[in-house]
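One structure, pasted below without further comment.
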Amino acid sequence: MKSLKSLIGAGVAVAMIASLAACGSSSASGKTELSFFANNTQDLYQPIIDAFEKKNPDIKIKFSTTNGAQAGYQQTLQTRISGGQLADVYVAPPEQLNDLVKNGVAKDLTDESFMDRIGDTNKAQSTIDGKVYSMSVTAWTNAYAYNKDLLAKAGYDTIPETWDEFIDMLKALKDAGVDKPYLEPKAGLGALVEGWIGYDSSKQSKSIDQQIGDGDSTFAKSYTKYYKEWAKLFGAGVMGSEVTGLADDQVRSEFAAGRLAVMPSGYWDVNTFKNAGINFAFGRMPMLHKGDTPFAPGSADSGYAINAKIDGKKLEAAESFLDFLSSEEGLKLIQDNLGLIPATKNYTPDIDATFTEPYDLYLKTGNVYLNTLGWPTSGRSALRAETFAQLQQVALGSITPAQATANLDTKLKTLS
Amino acid sequence: MISAPASSAAGAAPARAIGLDRNLEAIHAKDRKRRNLMENLTSVRFLLPLLAVYIVIVLIPFLQSIVFSLTDYDGYDFANAKFVGIANYQAIFQDQTLLAGLGFTLLYTIATTVLITAIALPLAVTLNRKFFGRNFARSLFFFFSVPSMAVLGLVWQYIFSPLGTGAVNTVLGKLGISPVPWLSDPTLAKFCVIFIAVWAQVGWHATLYLAYLQAIPADLYEQASVDGATRGQQFVHITLPQMVPAMGVSIFMLLTGGLKVYDLPFTLTTGGPGNATYTVTQSIIVTGIGSGRYGVGSALGVMFFLCCVILVALQQIVTSLIEKRLS
Amino acid sequence: MTAQQTMQQTSPAAPASHGLSMSQRERIRSAIRSVVVIAIALICAVPLYVVVVNTFKNSGDMAADPFGLPTHFTLENYAYALENLPVVQATINTLIVTVVGVFFMVIIGALAAYGMVQKRSRLTAGIGAFLMLSFVIPGQTLLIPQYKMEAQFGLVDTLLGLIVLYLAGATFCYFLIVQYMRGLPQELFEAARLDGAGPFRIFWQIVLPLIRPILVTVVVFETMWTWNDFMTPNIYISSTEKQTLVLQVFNAMGQFSTNWPLFMTITTIALIPVFLFFIFCQKWIVAGLVAGSVKG
């Protein structure tokens, strides 16, 4: 009895120490403490925070983050809001912006002076009912990474303009002894059709996916022809059903090892490929017809939002933090440390030489398109996951592109 | 011969107990009744901390999620949610991917339960015998599955890569066999997920059996070998019956863990190819909670809970029937 | 001969009849067992080998050949991890959470199990069934309700908050322990009670030593689980100085470019303490029962 009591006593003591240790760091010395919740790691953000704190000695940033994966960030953000624990400044993913505004946790930034610097595409993506709720300063685009040495084997030095020419090139590569000319990761199958849909949408008043989301069109009507074009890869024998079992990293490793000729990629891979010591560059993603304006999958990156519930000194601090992030100094730091491409009016970024073609084609022009943005907000991520599941079945030959799009329509119905 | 538990090793104390037990029968019936109540109170007192923890951390949150399942709660501010009745439950049954998920979840649960039990028990018996390097083998069997599934999932992806450069395919290639589409063929992908699950859990269940093997009195084996029983006969007539409670525990954990499986198939195949390795829990996360449809996710969770209760109740009844027959 | 030794001789050989002596046959058998079991164990440990071997490579080296030995052996990953990540603070946090959490989990579970086997009645049977429900509740649906509750009590972003959530694991401990206790000779408890020992003394002096094999098994399992848990701290902990080791592991991966060798290095660093702990505990799993009961 006695020993049990003393043991429990010891346990309680340890627990108290634990809770004391947890309470150890309270805010100090009259500085305004600004909490910041980001979707990237602290070592990457620290130089940006250091520079800001140096300029604003009376503000201290309390950084927090969550696991790298995008879905994980969204889940954590949502959970924290449900418990009333939202940070003062946070990264607002476009998929969630509607919900954030609906729940009154994103401050209206429309009239802030720093918003003048933001590019129109990025602004449009953060706008709901005419008001801008987040400050997105960077943008991303897909591009084809290609191995110059392997392409040279078949007599090519860059990615051709049209899809049919591209498939011919892959055939030529295969004949030239390149076993794997082209691979897509299982959770990125058919990504390039978004470029095609983007171009066709640019000729209409409402994007094709918006029409599907609003019920004016269906996947069966709009998507089938694109998926049929994509499925030519399998008919031509230049990509096999093994892609249904390949994760992103595996495709990247194949390319880095110099065995793969072409893969869908982006600016984030530049350093990985450079370190791998291969002779590579980033090129266009082919369009369906000659003369089509080049489009690629892409969009504005998640923007920075201010918690609508803060005021006074904290609000001032939050505004000066956003002002700093969109200043030339901040943007340069963001590009150098986070590897994102600034897309604002006040700053022209230096782009790595291997990436100039896609930068000029897509980001400078704003010719990027993301299908999910047109879909109903609840269930976007589930529907996107479903497109990959359906295309995997097309790749396996168990269903046709027409069946895949019909299944997507069914799924959409269950989600709304 | 088995139910007499104690003689040589654990013998001293029980012998005394049995003697005192006879005196006990002389005690008046009224006293017994009062003692009964007292005993009830004492045992409940020991149960109180666990009940408190369980009610606060598990039960109340679960009741809340039952409430969520009747609303269109989006996972942000519950004040904005509206009551929608059983609409969420109706939505669930229209989702085809969920049915695919149900199929694989059941296959996974049954296959892992059967295979792990069939491997872990003999493994534990072997690890309980003397041989050189026994401690090393025990540690290894338990330990190789300890790193998080996020890391191991990646490693297994390379091992079972459908490309010619994957580990298994490289070995097969050297034997002149062309690459096998491990993770890119629906049937093979199911096999791979189950194989890895068995690999990951066998060590832990063997360790569990090992703990139970310590409670079998040694004289049972001594007696049996004096009677001329072979080792196989000893396993069937002594070890197996003595292990029935352990198997009950292990199978219960495998069943409940299997039905709730998420991590492994998700990191390895993301539910693919197609929907081949899609699980019910993935459905709760992808179509419910992860999509800002907390109401639907909760409804899925509640339905899932009810199905599991039925399955587990069946398992419990079967186990207790077997235990009764054997004792 | 001590009781412990008696227990380990669970398999006396069958009567000698085929010419070989008993000890010879046992020696051959033991040798075969060594070869077969260790070979299987090593094959099963290949993924673990892959994790460890890649900590000595750089990204390019790993991408080129994830399974081979490093072409340029490097300790850079370890140096980087130990220099750049607050591993020390994270280790202290993880230790606090694991030690306190597992301690209370196991004590609460063992107490309840003892209460349960003391008296079989309708009341306890009902409570038992009620507790079993926790095994079939899908944890994902509890995420937001639990978070709201912790936020109400100001437990979010504290180590105490994590410990409180981990206490839910007590049901698991309870379940394993109660099943084990039911298999023990009940006379052992009876005897002590009739000797006049109070229920807590019986629990402490007789029950706990008796159930040591399962207790150690449960402690090891819960330690592994708590130490490795990622989901809970990822959602609940927002301050850097309160992060656990596993959070550091995952933070090591950037959002887009994944540095797998570094990731595996931190995984390895995070696992070394649990590995040592397991080696330490291992002998207790198989050394327990009889020695304990004789002492009690």
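To keep things simple, chains are lettered A, B and C as they appear, and every chain counts its residues starting from 1.
The rule is short, and it goes like this: a contact is a pair of C-beta atoms (placed from the backbone, for glycine too) under 8 Å apart; a residue touches a chain by one contact, two chains touch by 3 or more.
Given the structure is predicted, the values throughout are model-derived calculations rather than measurements.
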item: Set of chains adjacent to chain A and to chain B; value: C
item: Contact-richer chain pair [B-C vs A-C]; value: B-C
item: Centroid comparison with chain B (C-alpha atoms), farthest chain; value: A
item: Between chain A and chain C, centroid-to-centroid distance (C-alpha), Å; value: 38
item: Where chain B and chain C are represented by their mean Cα positions, the distance between them in whole Å; value: 15
item: Numbers and ranges of chain A residues touching at least 2 other chains; value: 75, 79, 82, 249, 257
item: Multi-partner residues of chain C (each touching 2 or more other chains); value: 66, 143-144, 148, 203, 230, 250, 260
item: Chain B residues counted as touching two or more neighbouring chains; value: 75, 154, 158, 289
item: Chain C contact footprint on chain A (complex, rising order); value: 1, 3-4, 7-8, 11, 14-15, 17-19, 21-25, 35, 37, 39-44, 62-70, 72, 75-76, 79-80, 82-85, 87, 249, 252-253, 256-257, 266, 268-269, 271-272, 275-277, 339
item: Chain B contact footprint on chain C (complex, rising order); value: 3, 6-15, 30-31, 33-34, 37-38, 41-42, 44-48, 50-51, 66-67, 108-109, 111-112, 114-116, 118-119, 121, 123-124, 127, 131-146, 148-149, 164-165, 167-168, 170-171, 174-176, 179-180, 182-185, 187-188, 190-192, 194, 199, 203, 213-214, 216-217, 220-221, 224, 228, 230, 246, 249-250, 260, 263-264, 267, 271, 274-275, 278-279, 282-283, 285-286, 288-290, 293-294, 296
item: Interface residues, chain C side, partner chain A - complex; value: 58-60, 63-64, 66, 84-85, 92-93, 96-97, 99-100, 103-104, 107, 143-144, 147-148, 150-151, 156-160, 163, 198, 200-201, 203-204, 230, 234-235, 238-242, 250-258, 260
item: Touching residues on chain B, where the partner in the complex is chain A; value: 74-78, 80, 91, 94-97, 154, 157-158, 160-165, 179, 181-186, 189, 269-275, 278, 286-287, 289-293
item: Sites on chain B touched by chain C in the complex; value: 5-6, 8-10, 12-14, 16-18, 20-21, 24, 36, 39-40, 42-47, 49-51, 53-54, 56-62, 64-65, 68, 75, 126-144, 146-148, 150-152, 154-156, 158-159, 167, 199, 203-204, 207-208, 210-216, 218, 221-222, 225, 228-231, 234, 245-246, 248-249, 252-253, 256, 259-260, 262, 281, 284-285, 289, 294, 297-298, 300-302, 304-305, 308-309, 312, 316
